[in-house]
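What follows is subunit A paired twice: with subunit B in the first complex and subunit C in the second.
Showing the complex of A and B:
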């Protein structure tokens, strides 16, 4: 018996879509109401999601799958694509995160954006984003998923460039769109390959069981060669790399911080960037069938986790620290997925959605309170003017740093534990090193922002943000603290809930004992925080002088290993040169030359031809005569 | 003794040539018009001559037909010339050269 709430699933994406439509056309007239309307609609979607969850919990684990067929989307011969929504534990987890965190961020944005002249449009975009994100996670086939995938990319573009009067914002929006497009194009090729090999895009026929529950994955599917599966998995992963800002397509995410802070929290921390992780987990059957693809996921994730953490160490812009941190944490999720620990990846995703959204929104509160100051060098001592923000942001930071018993601790510890017990020692060591770096960069952020003396006039005049902004922060802080109830390791509520979809993680037995692992993880986090306290909090070290002494290293990290500059020099400059060649030589000379040449030749021909047209009737008559005589001669001579 | 066909044809050719030259060298629209009539009648003459030679009435019928057409053409042509005169105050075809390229 299907719970009745399941039949309402179409409302989950439909409500934000309706909100987007209303706010797009009538946002100006609604004024402040626009924000409340958008928040209320998403909250309603959240309520339905919760109802779906409770309905699902009443079912046996093997029955927790429901597909709602809305309408036939594409029907071409044997190729069918339906607008089908899929409810299973994985998609329910995702819609709860999207609607839950999304609603809080919507409410926060009412306060954050209150003086913006395009208030209504902002909420229209936010709601539109929520719609596409929900379509992405609810899709039952890859094409519908791709629709959501591209839609969130579009909304990301619109929202990063929301303050498009600033050239940097417009540029960042373009950069984000174009960079992710590289991955998206690969993903589209992957979809085409799926159609060729499987003849369908439907999950129920593409994802054929090699693990997980038979109810979710059919046992028999088309025979597809190993090479083809690897190619498909890698192409899908390329899309995930772009969307989730993994190396080498990570460069857009730090720049995306040009967008309003609620956007950074919603799209570039909690939801859209995690779509890549969702895609890998959803398609894990393909990745496992390939094997190679899983290794690629693991390696890319690990590189990103370490690399982005080092870059986060040297950023001065409070939001850029968090952006690199997000990239790094997403790397951890891919590491988990690459080790087949999909439940751990999803747990990290959920926990990260809470504490990173919290950190971003707190950063927004800091920026709002400190009169649009984003540079941490100009902050300091904000603890006393904004105590609530300082408290919740510290909670988020401690959660991210991985201090027991906050959500971040369990999330990160689970992944490291799996790396150790499954015998992947190098992954474990590098992951632990990354965890140390995480504690250092987030500790640095907290100490520079909230402790010490105010280092600028703006920081001195700072004041606390309104309740509409701080209330969501408190709720998120509770999530960042108590997220551990979902899982405290490989076992737990969330892994148990997801088990029918992703199976159980079984590798183990190697590596260190659980107690030792926890001690090491905690020790590393505390060490990291202690180091930053000594450097930035104790007042004994002149960190600005230290920075000058280490300036080559500092610049290297601040410029994120010069990757952006390298892309600019090796790809940007030749690309611009090629474009200039195409525009000024190929187009202006060759193409235009040909087109204009045809015109000039026609003109010249006409100039010659018009001489014949004298306007004297006699000339015409003579021409008749000559013509007639000519024809007669011709005919006569032929006969 | 019948008059040989060649006589008629030579006369017809001469008339046609005179008409052609008239069309080509005269400026006055009326004279050009008359020259065209001359050409038409030159052709009529040869038509009738051939008709008689072959003992068939076809040529004569055709000649009548062309006369009728010529009469109709005169009506139209003269009307045009009159209206051109009203417009330009002249019947010289060189004054009407709006179609010059």
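Showing the complex of A and C:
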């Protein structure tokens, strides 16, 4: 018996879509109501999601799958795709995060965007984003997923460039769209390969478990060669690399901070950027069948986790610290997925959604309260004018740093524990090093922002944000504290819930004892925070002078290892040259030059031809004679 | 067969000519009346074409419907053979839709130097020529319709165009005629080599259906097919236009009046790609196989090349024109795969491009009408502040054009790439996968140039020089003329079955006849 709430699943994306339509066409007339309408519709979607969850919990673990067929979407030749929505523990987890965190951020944005002249437009885009994101996670086939995938990219573009009067915002929006499209195109090739090899894009026939772990996937379907599966998995992962801002396609995310802060929190921390993780977890059957692809996921994730953490150390813009942090944390999620610890990846995804949204929204509150100041050099001492923001942001930071018993601790600790016990010592060591860096950059953020003396006139005049902004912060803070109950370790509730989809993590037995691992993890976090307190909080170190002394290193980290600059020099400049060459040399001169040349030559020929027609009989007679002699000669010689 | 079945497509196709005659009889001073007569006749033709689409039997296994086959030029056995199938239908309706919207637009906008009567009369002639091309099943009739299009368009560009109009008009005319000559020679070759008795007393035939059967049965020798396919492909390729025969297009578009560009991009280019599907492929299957890799290569080049050229354009209209070259590249790539998915994708791509690029040219026309410049640098950005509705529509259509899923532009491109991944048997798979990669790179570059264009035109702050000008946002007539296209873009994107449901059977039938129906 299917719970009745399951049949309402189409409403989950439809409600925000309706909100987007209303706000797009009538947002101006609605005024302030636009924000409340958008929030209410997403809250209603949240309510349905909760009803679906409770209906699902009433079912046996093996029955927790439901597919709703909306309509036949496309059929051309043998190629058929339906518009089908899928409910299973994985998609339910995702829609709860999207609608839950999404609703809070919508409410917050009512306050944050209060004075914006395009208030209605903003909520139209925000709701449209929620629609596409929900389609992405509810899709039952790769094509519908791709629709959501590109749709969230569009909304990301529109929202990063929301303040399009600023050139930097327009630039950042364009960069985000194009960079992610590189990955998306590879992903599309992957989709084509799936169609060719499997004859379908439907999850129920592509994601057929071939190993031992029992899944929802029926044991049918064609056998695909190892090479093809690896190619498919890697191409899909290329899409994930773009969307989740992993090395080498990470460059768009820091710039994306040009968007309004609620956008950064919702799209560039809690939901859209995690779509890549979702994709890998959803497609884990393919990645496992390949094996090689899993290793690639692990390596890319690990490189990104550490690289981005180093870059976060040297940013002065409060939001850029959080952006690099997000990239780094997403790296950890891929590390987990690469170790087949999908539940751990998903747990980190959920926990991160809470504490990173909290951090971003707190940063927004700081920026709002400090009169649009984003440079931490100009802040300091903000804890006295904005005590509530300071408290909740510190909670978020401590959670991210991995202090027991906050959600972030369990998230990170689980991943590192798995690395150790599965015998991946180098992953464990590097991951732990990354954890140290995380504690340092987030501690630096807190101390520079809230402690010490106000370092600018704006910081002196700072004041606390209104309740509509701080209330969501408090809710998120509770989530960041209590989220840990979902997954205390490998056997927690979320892993149990997800087990029918992703199986159980089985490797173990190696590495250090659990107690030792927890002690080390905590020790590293405390050490990191202590170091930053000494550098930035104690007042004993002149950190500005230190920065000057370490200038080359600081610049190197601040510019994120000059990767972006290198792309500009190696791709941007030659690309522009190639375009100019194509348009103004090849097209205008060579191809069209040839066309016009034919015209000119024809004219010239005609002019020359006209001169032959002199009108004098003697000239014609001479030509006639020459011709006749020629013919006679030819005939004579031939004979 | 009822009278409606026998006469419907003839009525729809020739209603515009009747309109042109009526308008010609009107006194020049009745300017308003003439404009409304244009709306009336294009509207009536549209209504008939929609009635045809409604009456069309979609389960009809791809056969010809509304067929008429009577004697025409009996001396050479050329016949008035017209009909409609799932491949023709979407393009046929698109022709009437775009023509009607152009007539609506003309109620307000008649370009310099005025002369509404001649302007509308030529547009109506053009409409009949375009519509006729999509229903003709006799090569000579096809050729007559094909050439009928040329003259009105020549004058539309040459008289109502902008500064460099004469050069563009002559270039357009000569280039197309150059292609047509080869095409005609090819047609004559097929006629004389054909050995069918489609009409009593004739051994040879111009009949496309008869020639298809003859060709599919291996009636034409391989050597003949290679030569003749090359000739008619040249004629079609100029029209598409395929790289490197495209250079007439940016000039023609840049100089043409708005509705000239809309119809040129929206319908006329499709005559070329339609010709490949209707004439070249089914009659000369061996030739198609031999040329497919080369067509694919030129298509792949067109996609990347056009995108690069777009990145460097400074003129807004020229940019859109070049983007057409790239989009038609995707269409040709689909055709070159000789697969069901590819040809379905091609037809979808044609319709989508007609709707999207037609709309883009409307937008550019309206921008020019307000700013009196097409130079991106002179417009200088800030349209989103200044004329937010126009800017939003422009952005929406541009994003559709770059192939976002959920909007019309996506399906043609993605399915063409999908088809290139596994082309018809006998074609070099690795080569076509290379084309696919090129197409993929093209989609990235396409996103690049469109977003950059939007940034330079829409975004940023309004330059001071425009602040004292009063620039109005969208007018009522524009809403009316554009709304069907704006809705169509999202409708085709969300429910692609609108086109695929029509074409699928016909394409299946076409390819089965070639032995490629798998």
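In this text, the second predicted complex is superposed on the first by the 578 of 639 C-alpha atoms of A that agree within 3 Å, B and C clash if a C-alpha of one lies under 4 Å from a C-alpha of the other, contacts with A are read in each partner's own complex, and residues count from 1 in each chain.
Definition applied: contacts are C-beta pairs under 8 Å (C-beta built on N, C-alpha and C of every residue); 3 or more make two chains touch, one makes a residue touch a chain.
Because the structure is a prediction, the values reported are computed rather than measured.
S.K.: If we overlay the two complexes on their shared chain A, which of subunit B and subunit C does A:181 touch? Say first, second, both or neither.
M.R.: second
S.K.: A:533 in the overlay: touching subunit B, subunit C, both, or neither? Say first, second, both or neither.
M.R.: Neither partner.
S.K.: After lining up the shared chain so the two structures overlap, which partner does A:433 touch, if you call subunit B first and subunit C second: first, second, both or neither?
M.R.: Neither partner.
S.K.: With both complexes overlaid on chain A, does A:567 touch subunit B (first), subunit C (second), both or neither?
M.R.: In the superposition, A:567 contacts neither subunit B nor subunit C.
S.K.: May I ask you to decide whether A:170 touches subunit B, subunit C, both, or neither, giving the answer as first, second, both or neither?
M.R.: The answer is second: A:170 touches subunit C but not subunit B.
S.K.: Classify the contacts of A:582 with the two partner chains as first (subunit B alone), second (subunit C alone), both, or neither.
M.R.: second
S.K.: Under the stated touch criterion, name the partner, subunit B or subunit C, that contacts more residues in subunit A.
M.R.: Higher number of touched subunit A residues: C.
S.K.: Please name which positions on subunit A make contact with subunit B in the complex.
M.R.: 609-618, 621-622, 625
S.K.: Please output the residues of subunit A touching subunit C within their complex, sorted ascending.
M.R.: By the definition above, subunit A touches subunit C via 71-79, 143, 146-147, 150-151, 154, 157, 161, 164-165, 167, 170-171, 173-174, 177-178, 181-182, 185-186, 188-189, 191-193, 195-196, 575-576, 578-584, 586-587, 591-592, 595, 599.
S.K.: Residues of subunit B touching subunit A in their complex?
M.R.: Within the complex, subunit B touches subunit A at residues 20, 23-25, 32, 93-94, 96-101.
S.K.: Could you list, by residue number, the parts of subunit C that touch subunit A in their complex?
M.R.: Residues in contact with subunit A: 171, 174-175, 244, 246-248, 305, 308-313, 322, 339-341, 344-345, 348, 382, 384-385, 399, 404-406, 411, 414-415, 417-418, 421-422, 436-437, 440-441, 443-444, 447-448, 451-452, 455, 458-461, 495-497, 500-501, 503-504, 507-508.
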